[in-house]
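Below: a set of structures, written as structure tokens.
Two complexes, one shared chain (chain A), two partners (chain B, chain C).
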Partner chain A sequence: MFADLAQLTISGLATGAIYALAAMGFTLLWQTSSTINFAQGEFVMVPAFIMLGFLGIGMPLIFAFALTLAASALIFGVGFKRAVVDPMIRHGVLPLAIAAMALSLALQQGVKLVFGAEARSVPDILPDGVTRIVGVAVSYRDVGVLVISFVLILGLQLFLARTLTGRAMQASAQNPDGARVLGINVDRMILYTFLANAALASIAALLVTPIYLAKFDLGGPLGLKAFCAAIIGGFNQMHGALAGGLLIGVIENLTGAYFAPQYKDAAALVLFVIVILFKPEGLFGRREERRV
Partner chain B sequence: MRTALRIAALVAILAALIVAPQYLRNYGIYLLSLWSLFAIAAMGLNLTLGYAGQMSLAQAAFLGIGAYAVALLVKAGVPFWVGVPLATLVAFAVGLLLGFPALRVQHHYLAFATLGFNVLVYLAIRNEDWLTGGSMGIGQVMGFAGMPRPSIFGYSLRRGIDFYYLCLAMLCLSTLLVWLLLRSPWGRAFAALRDNPVRAESLAIDIRAYTLLAFAIGAGLAGFAGAFYAPLVQLFDPSPFGLLESLSLLLMVVVGGSGRFWGPHIGAALVLLLPHWLQALLPAWLGPPDQWYLFVFGIAVLVLLTWCPGGLLAIPDRLRARAQ
Partner chain C sequence: MAPETSGAAVRLDGIVAGYGQITILNGLSFTAPAAKITTLIGANGAGKSTVFKTIFGIVRPRAGSVTIGGEAVTGFPARELLARGIVYVPQGRNLFPTLSVRHNLELGGITLGSRALIAQRMEAVFARFPRIAERAEQQASALSGGEQKQLEIGRALLLEPKVVLIDEPSIGLAPKVVADVFALLRGLADTGVTTLMVEQNVRSALAVSDHAVALEGGRVAIEGPAGEMLANPRIKSLFLGGHMEQTG
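What follows is the complex of A and B.
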């Protein structure tokens, strides 16, 4: 009983850590450029297929991933910012969000067109196998995912808090005009957040697709959960996204095992609705004021 | 003069829609019927999003609620013409409930809240086989023929062309009702809610009530369309009521021009009819448009929005503004 619960919690944490990676990117984009990236799930799905493309021409996994990272930084970092966000942002938050929805539709259908509708298996960088710790079966894979995600998230936190560039990024997010006065190249800082988001999404793809397979409609549920994680934790707090992601991963797993497997995907949504009804600023977030 | 021109154009289009089935085969008539119903549902969303400024990504769920409600009512022995208002009412009531999160959160939060609601409805329809037939479709609970087509005053609407005229009549009716609603003080209040909720509140507009109503009326229209969608397709499963369809409905509204009266009609035509016209016009080596159409459509919407976020109907304004 306890062993089952512990096992489910650990694998839930591992899935949740992947949601957290996507959620952090989401939060980053929102903070620096008011972009609600409705295509976040596709930013994870497309790199998986780019990587499959590189693997298909016989490249070793590590090179394929490195090239994927570069391609995705180019397309979803620089390209997305210049082609979609920059022209749309002056029209407001909502039109930009709708443009991102159109982008997500185009990416989904484009991948379906090129790679077909069937799910594809992706090789795993993490070792297979299970170890027992006080009677609880723990898979190496779950531990690996957790370690990689935590290192990335901690590294990002440290980068933002301790380095000059990181602090300039934060300043650009909190007060762009003030940052400009201080001689910070705000546009460049915003570009860095887009690059960071693209990298986080590609790594999430590397971690998630060996289990959940690469399929053109993978992005929908993933993006939704990333957003739920960001909201549940508090949209204006980075560590909130982490907490939200982990919480969703665990609750989802427990729902699937003890309550109703067919409603597993609904767990995040129910939690999300409860949070926005009773604490719309999120569990860790700050309240934002309404302006006239 | 301009009003006269507009009325003339409207009459011409309506006349074309009435005579069109004479020159179309069954599938063309079916598509036009589908267009009528999606235009109704998109009009509901335009009310919620375009006029009241409340983001909603759950319109397909209400279409599904209407379709399943009317089918299950007919199965229980309720006459179709009683089932339609009941199904509309069910969608209206659920829309009212969905409006409550909108009182707490706005914009993108609301988009995801409604999106989540759509996923929940979809999962419920798919998983509760005993009620809905699950992913096997309504035929599981209603018999192989599915939802029967109704008759009106003893005249059966079984034939596709007759049912099309019913759909077209319902579109005209809904269009008229929405037009009247928008010209009423309620319609003005919706626009006030969209443009500046705080100021609207200071002018004694009850923004709580209007937010809820915007959702409920929009949902009710989708439920109404769904109630006719069921007998149109007769056999259906949960798949037309998923997220992709809600997104399509949203893009219909946005492409036509969110907050423009005829936007939904044009948007629905672009999404539903254009791929089939393209099939006839384009060379065969491009392959069937239903495979690549949504991809091209997504890109086209992206380009349109970056250039002219007001949608197609805003292009004349934009050109005029540029000329001056």
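What follows is the complex of A and C.
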């Protein structure tokens, strides 16, 4: 009983860590540029297909991933900011959110058109196999996903907190006008967050697609869960996004095992509604005052 | 902490500027003398803050020029102006609330490009503002209003400026703190820093200023030595919100 619960919790944490990577992207973009990126799931799905394209021409996995990372940074970092966010944000948050939804649909249908509707397998960078720790079966893959995700999240947090550029990024997010008068290049700081988001999404693709396979509609549920994770944790807190992602991963795993597998995917939404009703700023969020 | 360079006069010549279709400054011309405090006064909407935004390159003038220390700097971006020792402390709260006091201060020196130089200048600011130094590791949001204003001014001083543009430094502060802030600005001017101040608290501001410029409708209505301006009946009518006829 305990072993099953522990095993489900660990594998839930591993899945949740992937949600957290995407959720942190939501938080980053919201904090720096008031962007709610409803195409976040597709920012994970498309790199998987880009990587498959590179693998298809015989490139080793590590090089295929490195090039995918670069391509994602260009398309979903620089391209997304310049072509979608910059022109749309002038009209407000809502038009930008709708534009992101449209982009999400376009990316889904574009991938379907080029690669078809079949799910495709993606090679795994993590080893197969299971080990036992105090009687609990733990897969190397789950441990690998957790370690990679935590190193990335910790690295990003340390970068933001411990480097001058990271603090300039925080300053640009908290008070862009105040940052500009100090000579901080706010536009460049915002671009860095888009690049960080694209990188997080590509790494999430590398971790999630070997299990869930690469399919044109992979991004929908993934993006929704990441969005719920960011809201549950508190949309204005990076560590909230991490906690939200892990919580959803564990709860949906436990729901699938102890309640009913068909309700597994609803767990994130139920949790989302409960948090919105009782703690609308999220578990770790700060209440924000907006002047009108 | 005293600036090594002597102050630089700030000259605006025929500035026409505004926001979109709205013109705020209508051919504004005046000179703020070097190493003196010049206070801009006027009713709301007279264009006081727009003057600073125009000098600092935030609002691009449609006509006219800005000259500082003899160099034309019209429309220069913030980084170029900061490199020339021209700093701007806007109205309201300009801190980054979740960053520590130390990190807020450090960002004031981001254009210096040297961590060692930033650290050295920060020590000088801490020596000047011991209360800020005591609270260096706390979040900026934990500071009182007066301490926050001290931190903003200290951050501006990190660049050892030649020119300080400060907008409404007294807003939201207790009278004792306002007196301290004005005394600080007076001390800066006495060490050669050209200071331009926008201030609603006109009596107190003029008391520490050398020169004053009263704006109405985006033009200079009257200007002169601060002491004389305080006694001027037309300035008194401005305090009371009365209409001031344009001169010159």
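Before moving on, here are some points about what is shown:
Definition applied: the second predicted complex is superposed on the first by the 289 of 292 C-alpha atoms of A that agree within 3 Å, B and C clash if a C-alpha of one lies under 4 Å from a C-alpha of the other, contacts with A are read in each partner's own complex, and residues count from 1 in each chain.
Heads up, the rule we're going with is that a contact is a pair of C-beta atoms (placed from the backbone, for glycine too) under 8 Å apart; a residue touches a chain by one contact, two chains touch by 3 or more.
Because the structure is predicted, anything quoted here is derived from the model rather than measured.
In the superposition on chain A, A:57 makes contact with neither chain B nor chain C. Applying the stated contact rule after C-alpha superposition, one finds that A:167 touches chain C and leaves chain B untouched. Once the two complexes are laid over each other on the shared chain, residue contacts for A:109 go to chain B alone; chain C is not touched.
Look at A:88: by the touch rule set out above, it reaches chain B but stays clear of chain C. A count of residues in chain A touched by chain B and by chain C gives the higher number to B.
Of the two partner chains, neither chain B nor chain C is touched by A:134.
In the superposition on chain A, contact of A:184 is made with chain C only, not with chain B. When both complexes are aligned on chain A by C-alpha atoms, no chain A residue touches chain B in the first and chain C in the second. Listed in rising order, the residues of chain C touching chain A in the complex are 56, 58, 78-79, 82, 87-90, 93-99, 103, 106-108, 110-111, 115, 155.
Residues of chain A touching chain B in their complex: 36, 38, 83-84, 87-88, 91, 93-95, 97-99, 101-107, 109-110, 112-113, 220, 224, 227-228, 231, 260, 262-263, 265-266, 268-270, 272-273, 276-277, 280, 290, 292.
Residue ranges of chain A in contact with chain C, taken from their complex: 164, 167-168, 170-171, 174-175, 177-185. Looking at the complex, you find that chain B touches chain A at residues 55, 100-101, 104-105, 107-109, 111-113, 115-117, 119-120, 123, 126-127, 196, 198-199, 243-244, 247, 250-251, 254, 291-292, 294-295, 297-299, 301-302, 305-306, 309.
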